[in-house]
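Below are structures written as C-alpha cells.
The two complexes that follow have chain A in common; it is paired with chain B in the first and with chain C in the second.
Let's turn to the complex of A and B:
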C-alpha cells in the first residue's frame, strides 16, 4: 500500500521496515535469463540460458572466468555483472601477486557482498541489479555461493536464479542429495537437465545454453559448443525424458511428439544463429 | 631532478666508503645532509644494531632454523639475548639478520597481516609461501623508495604436508631452496649443507648438521656469539629451543707450543 511513497530512495525505510529499492533490484535478477549452479565435493558446474535477442545478434555472455579457480554466472543486468566480474578479477590478480596463492573463494564472496551493501546505504548510489553464482575451489574443497543485490550471500549445494528458475530448483531439490558424490560428468548432465527444465518445452541445444566446469585438477573453463551439443545428444535429453525414471512427467506428452522431427533438424540447427561465438 | 640528486647520493656514499672502510654508528648525519638537498628523514642508510647469519634447512618432518642471539653495535657485541627467530601465524617461522629495529618493524607488519587473516575466521590461513611472497613485495617496494628494511629474512614452514623454505634480501631478491642461509652463512654454512644435506634427515641429524654450521660460524664470523637457538616447525606445530652454547674445540696441534721453530718469538 505504501510502496510508492517509500521507494524513491534506497536510503528510505518503509514503515514495515523494508528497503524497496533493494527489493526492486532483486526483481531485476528474477527477470534475467536463468543461471544455475551445482557442486560436488570436488567439482562445481555453472550453466545458463543464453538467448540471443534476434537471429542476427550474438547472445550476451553470462559466465565469466574470474581466475583459474573461480568462475561466476550472472542473472539480471549483465552490464552490472560485467563490472562486478572485472572487480573480482582485479581482486584475484592482486591477491595472487602479493601472496602467490589463489584468493580463497569465501573471502572474495564476502568482499563482493560488502561492495553490494555499500550501494544499499548511499543516497547517491543504486544497488547492483545482478545476482551472481560464484563457483570456486579453495583449501577446503569446492564451493558455490550466491550473491544478492542486497549484500547477502549464501552457500549452496545447488541453486538456480533468473526467470523460470523455480522449475530448475524443483529438479535440483529432487536430486541434490546425490551431488556431493557425483562424478564430474554426472554433474554436467544434471546441470543440462536443470537448464532444460527452465526452457519449459523449448528444445535444448548448445546454441541456447552455456556450461562451465571447475574442479580439482581442472581449471575453470567454459565448454565449447560442440562439446555441449555432443553431451546433450549423448544424454539424449534434447526434448526427451531423462533416462533416470522421473515420476513427474511434465512435458512428456508434448516432448515425445516433437522429438522425432527434432532429431533430424538437430545438426542443421547448430549453425542456426549466424553470430554465435 | 630527483634522479640526479639520487645519483649524487650514490656517488657520495661511494666516496664516503673509501674514506671510511665500513660505515660505523659514529658516522654523523651532518655529513649526509651536506650531500643531499632533500630533508630525507626516514631513510635507513646504514644499520646500527645488527644480527648475523640465520640458517634454515628442510628435514624429514618440516623445517629447522638456527640463529645466534647476538645484536652487534658495529664491532661491539652489545646485546646477547636477541631473539632472531619468531613465529608467524600457525604455519610459519621467520628468522632475520641485519638491522634489529627493522626486524621489529617487519614483525609488526606480520602481526597485522596475521590478525586480519584470523579475523576472516573462515578456515583459510596464510601459509609460509604466502608470507614469503608478501614480504618479498614489502622489501622490494621499500627498496624502490630508497628506504630499505635492512634485513635478510628466512621464512620456513609446513602447510598441508608441504614444506617450504625461502629467503628475501633487503633489495627484494627472493628464492626458495632446501637449505638457506643469510650473510656469512652463505659462505661458511652453505658449502657444508651442500655436501651433507639430505631430503630425509631426522630431527637429531638435522640439529647436528645445523650445530656444525653454527660452530663453523662461531669460529670464523666475528659478530657471532656462542648462544644459539634452534627452532623446529612441523605440521603439528612449532618449538623454539631454549638458548644454549656450542662446545668449541681449540686443541689443535698447531696451537701447542706455537712458537717452537720460530727464532726470537715468545
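Let's turn to the complex of A and C:
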C-alpha cells in the first residue's frame, strides 16, 4: 500500500527495505517473450520465442553472439539487451587483445552485474530492463548464468525467463537431473520442448523460435531456420505431448534450475523481497 | 655551428626480411621469408611475417616486428568488431582502407612496418595493396617490401608480363600468369634475393588464396 510513495526514484528505499524501481525493471523482464537456457557438462543451448509486432514486421533478435565461446539470450527491453551485448563484445575483444586468451565467462557476468548495479544507485539513471541468459564455455567447463536488472547473477543448470516462462521451468525441473550427461542433440531437443511449453498450445515452428548452441569443439552459433524446422519435425515436437519418460525429480536447492524466487515477487508487500534470495 | 643532441636510444629496430605479393586473375600469392634479424645477428630462422586478417585478406609485413605484431592485433580486433556489426567478413578493399587509416592514426609516431596486403576482391580476382609506413597505399598487380624489395621488384617488372604499374592511367595489373607459374616465380625471387641480401634467407612461407580456399607452401632457402 505504500508502493506509490517510494517508487518514483531508484535511489529511494521503501520502509520495508525494497527498491521498487529495480523490482519494476525485473517486471519488464517478465513481460518480454520467453528465453530459455540449459547446459550439460560440455554444451549449452539457448532458445527463445520470437514475437513479431505484427504479421508485416520482422521479429526482434534476442540471441547475440558475444564471442566464439560466449553467447547471450535476452528477455525484456531488447534495446537495453543490444547495448549490453555490445558492451560484452567489447569486453571480450579487449581481454583477448591484452591476454591473447578468451575471457572467462564468470568474469564477464560479474562485470555485467556490476554495470547493472551502478544503475540501481544513481539518481540520474534507470536500471536496465533486460534479463540476460549468458551461455559460455571456458577452461572450467560449460556455464549458464542469469543476469538480473538488480545486479544479481546466478549460475543455473537450466533456466527460463520472460512471459510464460513458468511453464518451461516446470518442464526443465522435471528433466534437469539428466542434463549434465545429455548429448548435444538431446539438449537441443529438450530446449525445443521447453520452448513449446511456453507457447501454450500454439504450433511450434522454426519461424517462432531461435536456437543457438555452444560447446566443446563448436563455437557459438545460431542454428538456421531449416535445421531447426527439421529438428522439430524429427522430434515431432510441434503438437505432441512431452515424452513420458521424465524422471520424477525432486526439486533440489542451490543453483539448480528450480523455480526462480524472483518469479512471484511483485505482488503484496508482505511477500519476501525478490532480491533477498 | 650549434650541434644538435641526438638520442642514444631508438624506439625502433629493423628485424629485416622481405615480403612479396602477386595478384592473378583468380588467385593471390602472398610470400615472406622467415628470417628475423637484428643488426648483423639472426634472432630466429623460423618467424612468420604473414598474418591472416580475414578469410580473403592476408598481410605480410617487414620492418620492426614488435610494431608489426601490435598492428596485426589492432586490425584483428577491429575485424571482430566489424563482424559483430555487419554479420559478415570484411572485404579485401575494405581491409586495405582500414590498414591505411590505422597506419595514419600514428602519423607522428609511426608503426615501423612495411606492409603488403593480398587477397581476393568481391569478384574473386586477386588484389594486392602496397603501403608505406604511414598508410599511403595503392592497389597494384604485384609488390615487394622489405630489405630485398629493391632486388625483387625489377625482376617482377620483367617476368610477370603485367602492364607496367608506372603507366598512367593506372591499368588493371593482374598478371596473366597461371597460379603455378606465379608460385614458381615467387620461389625464384626469394632464392635470388637470398643470394645478395644478408637479411633474407632461411625459408620462405608462401600463402596461395583462390576460390577453393587457402594453401600454404614452404621452401628452404640458404641459411648464410
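To be clear about the criterion, the second predicted complex is superposed on the first by the 241 of 277 C-alpha atoms of A that agree within 3 Å, B and C clash if a C-alpha of one lies under 4 Å from a C-alpha of the other, contacts with A are read in each partner's own complex, and residues count from 1 in each chain.
Everything that follows uses one rule, which is that a contact is a pair of C-beta atoms (placed from the backbone, for glycine too) under 8 Å apart; a residue touches a chain by one contact, two chains touch by 3 or more.
Note that the coordinates shown come from a computational prediction; the quantities given were computed from them, not determined experimentally.
Peer 1: After superposition on the shared chain, which partner residues are touched by A:93: those of chain B (first), chain C (second), both, or neither?
Peer 2: second
Peer 1: By the touch definition at the top of the document, which applies to A:177: first (chain B), second (chain C), both, or neither?
Peer 2: The answer is neither, since A:177 touches no partner chain.
Peer 1: If you stack the two complexes on chain A, which partner ends up touching A:101: first (chain B), second (chain C), both, or neither?
Peer 2: After superposition on chain A, A:101 lies in contact with chain B alone.
Peer 1: For A:139, using the defined touch cut-off, is the partner it touches chain B, chain C, both, or neither? Pick first, second, both or neither.
Peer 2: first
Peer 1: Which partner does A:55 contact after superposing on A: first (chain B), second (chain C), both, neither?
Peer 2: neither
Peer 1: Now for A:65: first (chain B), second (chain C), both, or neither, which partner does it touch?
Peer 2: second
Peer 1: Taking the two structures together, which residues of chain A meet both chain B and chain C?
Peer 2: 97
Peer 1: Please give the residue numbers of chain B that touch chain A in the complex, ascending.
Peer 2: Listed in rising order, the residues of chain B that touch chain A are 120, 122-124, 126-127, 129-130, 132-134, 137, 160.
Peer 1: Which residues, counting only chain A, touch chain C once they are in their complex?
Peer 2: Per the touch definition, chain A meets chain C at residues 65, 86, 89-90, 93-94, 96-97.
Peer 1: Which residues of chain A touch chain B in the complex?
Peer 2: Checking each residue of chain A against chain B gives 97-101, 104, 106-107, 110, 138-140.
Peer 1: Which of the residues in chain C come into contact with chain A in the complex?
Peer 2: Chain C residues touching chain A: 73, 76-77, 80-81, 84.
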